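These are the structures in question, set out in turn.
The two complexes that follow have chain A in common; it is paired with chain B in the first and with chain C in the second.
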Partner chain A sequence: MSQFLIRSRNSGDLDILEIDGELDAHTATQLEDAFKALIGRNRTRIVVNCAELQYISSAGLGVFMAYIEDVRGTGGDIKLSNLSPKVYNVFDLLGFPALYDILDDETEAVAKFSS
Partner chain B sequence: MSKPKTHTLRVHATTANIAAVRDFVASHAEAHGFNTEDIDRIRLAVDEAYTNVIKHAYDFDESQWVSIEVKTDPRTIHVVISDSGRSFNPDGYQEPNIEERIKMRKRGGVGVFLIHKLMDEVEYRKQGSLNEIVLTKHL
Partner chain C sequence: MAEADPLDGRHARFELKTLLDTSRMLIESTDLDFVLNNLLLISMGKLFAPKAAILLRDPTDRKFRVAKNKGRTPFHEGQELPLPDPSTYGDTVYLDASHSEFPELLAGNGLPHLFQLRTRAQHMGFLVIGDKASKQPYSDREIEFLENLVNISAVAISNSLLVRELRQTNLQLDRKVQELHTLFDLSKEFNATVDRDPMLRVFKFALLGQMFIRSFLFVKKRRAEAPECLVHNGLKQLPDEAGMTYLLDLPDGHHHVGDRLRQESDLLAENGLQAVVTLSLQDERAILAVGPRATGDPYSESDFNFLSSLGNLALLSVQKTDLLRERIEKERIEEELSIARTIQERLLPNPLPKDDRLDLAAMNVSSRQVGGDYYDAVRRGDELYLAIADVTGKGIPASLLMANLQAMLHILTPLERGICEITGKINDVIYKNTPSDKFISFFWARFDSATGVFEYVNAGHNPPFLLRAGEDPIPLAEGGMLLGAMPTFVPYSSGTLHLGPGDLIALYTDGVSEAMDPADEEYGEERLLDVLMKNRVLSAADILNAVVEDVRRFTHDKYSDDITLLVIKHR
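Let's turn to the complex of A and B:
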C-alpha cells in the first residue's frame, strides 16, 4: 500500500510541510486535509518541502491545483522546494514551473516569501 | 527469438491497490530491460489509467475488479488494463488547460493527458463487455 506522511512545523509566520513517501490517489487526501486545516486557521504562507517525496501522480498534483487560488487570494502562497529530478519531471510535464514557485531548497523558498 | 510473455494481476478497484498495481508492472518493465526513466514513465501511466478506472468506470465501487496484463515481446511492453464499468470515450477528450483549471479550483482531469505524454502508444478497445486501455512502450 502507498506510504505517505506529513511532518509540519512553523518558521515564523510560515508553515513548513515536509512530505514523505508516495503521493497518489490513495494518499492525496492527507495533503488535502493538511492544506484545509492551515487555510481554516488563516495560515496561508506555506512551504512544501518535497525532499523525501519519492513519487507523485496527477492525484497529488491535483491537491496543489485545488488550493493555490484560495491561498493566493489571501495574500499567501504554496511554494515547493527540494524536488527530486524524478518528481520535478512530473510537475514539469504539466507546466507547473510556470505557475508555481519551485525552489531548489527550503531556505530559498522561505526567503522568497520576503522578496 | 523469444516468445511473447504475459503476466496478469487481477485486483479489486480500490486506491489501496494502486502501489501494488504500479509496482507489478514496473517490476516486469525492469526485468525486460527498460531504463529507470522509462520504468518511471510506465509506472506513472499505469497508475493514472488504473486510478481512472476506479474513479470513472466504477465510481469508487471497491467490489469491482480490474485486470492488469503485461505482455512483452523482444522490443516492446504492452500493458492492458481492463474493466467492465462505464466506458471512456476518447473522442470526447480535450487536452486540459492547466492554468484555467487552477483558476477554477479544479483538480484532476489531467491523467489522460499524462498517459499520452508518457507512453509511445495508447489504444482504447472494447472486448465484449470489457473496456481495455492498451499502453505501449518500445525499448
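Let's turn to the complex of A and C:
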C-alpha cells in the first residue's frame, strides 16, 4: 500500500502543504481533502512543498487540475516548490509548467505570492 | 589574362575561413533555430542583402512553411507557401518572368534568389534571399559562396531536424509510458474498491491530470434504461436526458467537436467540450467528452486511444460494482424469501389433527419460494374445520393474502355464528384488504365428529368431489362469490352432508386439474376422478400419493403451478 502524508503549516497568510511519499490514485483523495478544507476556510494562497514527494501519478496531477480554478477564482493560487527531477519530469511531460508556477524552493514560491 | 588581385586572395581566404567556422559551429549544433539564424545572418551579412527567409518543407504534410525570416519580408513565421516540387530544380533558382509556378509574393517583394536546402537524401526547402541593398547583381563568386554555405547548412538542418524528431519521439514514448502507468495505477485502484464513488473520483483525477484538462463529462446507458451521468467536472451546463441521449447516439469512434456538433448539441457547445469518444461494453454504451487542454494542444489519435482505454477501464469497473450491488441485493431478497417460506410452511397444519372418524392427508408444493395456496385442518373440541384456498397470482403478494386468511380462520373458529354468515364477514375483510384484481377462491367445512355432519361453503373454489360407493361423484358447489371480489350483498349459502364409512372427499387447487403435459394438454378433472375412484379403498395418505404420482407422470415431472391437495376419507 502506498505511503503518503501531508503536513500543513501557516506562513503569514499563506498555507504551506508539505507532501511526503507517493501521490497516486490511492492517495489522491487525501490531497483533495486538504485542498477542499483550505478552500472551505477561504485559504487559497497555497504553496505545495514537494521536497519529500517520491512519486506522482496522473491522478495526483489531476487533483491540482481539479482545484486550480476554484483557487484562482478567489484570487489565490497553488504554487509548487522543491520538486525532485523525477517528479518534475512528470509535471513537465504533461505540460503543467505552462499553467502552474513551479519554483526551486519554498522561499521563492512564498516570495512569488507577494510579487 | 589579368594578374590575380591580392584583394581577391584575401577575400577568398576570408570566405574559406567563414565557411570553415560555420561548418564547425553547425556540425556541433543540433538546435534548428540556431542553425537557421546563422544561415540567414551570414548570407545577409556577406552579400549585403537586407532581407532573407528560410522555407522548410514539413515532413508530415509536405507543405512549405516560413521557418525563419529576417529584414522586411512579406512573411510571418509559420506562414504556408505553395511551392512547386523542388526536386525538378537545380541548386539555385532565379525567379524571372519564366517562373510563374512560384508565388508572386517572392519575386514581387524583391526576393528572387532561391537556394535549395538539400542533402543527397532529401529536399528540405529553400533559402530565399533578396537583391543586394546596392541593387548590384550577385557575382558568380558570391553565388558560389552561398551555395557552399547552403550545402553545409543543409546537413546541419537535416541533423537538427532528425534530432528534433527523435526528441519528439522520445517525448511521445515518455507520454505513452506515463499513460500506461496511469492505466495500471487505476486498474489496481479499481480492483481494490467495490464502491462507485471513490472509483469515479479517482477516474476523474487521472483524466484531469493525464489530459491536462479542466472539464469533462462521462455518461453511460444500459439497454433501455435512462442515460446516467457517472461523473463530470468543470461544466457550466449540467447534462439533461436529451443532451446525453444525443451524445450516446453518435456513431462509434472518435469525434472532434466542430461547428456541426456544436450546433446540434448545446451540451457540447455550452461547455466548450472539444472531443468525444464513444465506448461500448456488452449491453452498455458510454461517451467520454473532454474540454480543451490547458496546453492548447489538439487531441491526437494517441490521445483518443488513451481516452478510449481509460473510459473502457472505468466503464468496466462501474459495471462490476453495479453487478456486485445487484447480486448483494438479490441475495438479500433470496434470504428474506427463504425466511418467508419457513414462516409460510408453519402456517400450514403439521401434523394434521387426528380424528376418530376422518382420516386426513394433505400436501402443498409451491412453484416459487412462497405461494398463494392454502389448506388447513383445525380441531376445536368435537368440531374439525377443513379448508382449502387459492389466491390469484403467485409469490409474495399472494402469500401475504394467504397469511391474512389463515389468521382469520384461526381466530374465528370455533364459529359463534353460522358458517355462511362468517364467510360473508371474511369476504368483507378480504375485499377491504385487497386490490380489485386480487381474489381468493375458498372452500371450507365444519365437521362434527359426534354426529358426522359435514357443513360446507364454497366461495368460488373448484368444487371438491365427494365419492361414495355405488354413486356418481358429487361436486360440492354450494356457496357463493369468490372472496375479495365485492362486498357481501348476497349471503353465502351452505351445503350439508352426512358422512358415512368409506366416503371420500378430495379438496384440490387448480394447480392439480390444470397441470399440463409436454403437449400443453391439461390433466383435467376426469383424470383426477379416475385415479380417485381406482384408489378409493386405500387410506387418505395412499390416495394422496396415487394422485400426486399420476400428476407427476402426466406432466413428466414438470408441473409449474402451485399444487395443493387435501384428502378426507371416512374410516
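Here is the rule we use: the second predicted complex is superposed on the first by the 115 of 115 C-alpha atoms of A that agree within 3 Å, B and C clash if a C-alpha of one lies under 4 Å from a C-alpha of the other, contacts with A are read in each partner's own complex, and residues count from 1 in each chain.
The criterion applied here is as follows: contacts are C-beta pairs under 8 Å (C-beta built on N, C-alpha and C of every residue); 3 or more make two chains touch, one makes a residue touch a chain.
Worth saying up front: this structure is predicted, and the values here are computed from it rather than measured.
When both complexes are overlaid on chain A, the residue A:Q54 reaches neither chain B nor chain C.
Contacts of A:A25 after superposition on the shared chain: both chain B and chain C are touched. Legend: residue contacts after superposition of the two complexes on their common chain; A:S8 is shown touching neither chain B nor chain C. By the touch criterion stated above, A:G62 is placed in contact with chain B and with chain C alike. Of the two partner chains placed around the shared chain by superposition, chain B is the only one that A:K86 touches, whereas chain C remains out of contact.
Counting contacts as defined above, chain A residues 24-26, 57-59, 61-63, 65-66, 68-69, 89-90, 93-96, 99 meet chain B in one complex and chain C in the other. Residues of chain B touching chain A in their complex: 15-16, 18-20, 40, 43-44, 47-48, 51, 54-55, 98-99, 101-103, 105-108, 110-111, 113-114, 117-118. Residues 24-26, 28-29, 32, 57-66, 68-69, 89-90, 93-96, 98-99 of chain A touch chain C in their complex. Per the touch definition, chain A reaches chain B in the complex via residues 1-3, 22, 24-26, 55, 57-59, 61-63, 65-70, 86, 89-90, 93-96, 99. Chain C meets chain A in the complex at residues 171, 174-175, 178-179, 181-182, 185-186, 188-189, 192, 198, 201-202, 204-210, 212-214, 233-234, 293-295, 297.
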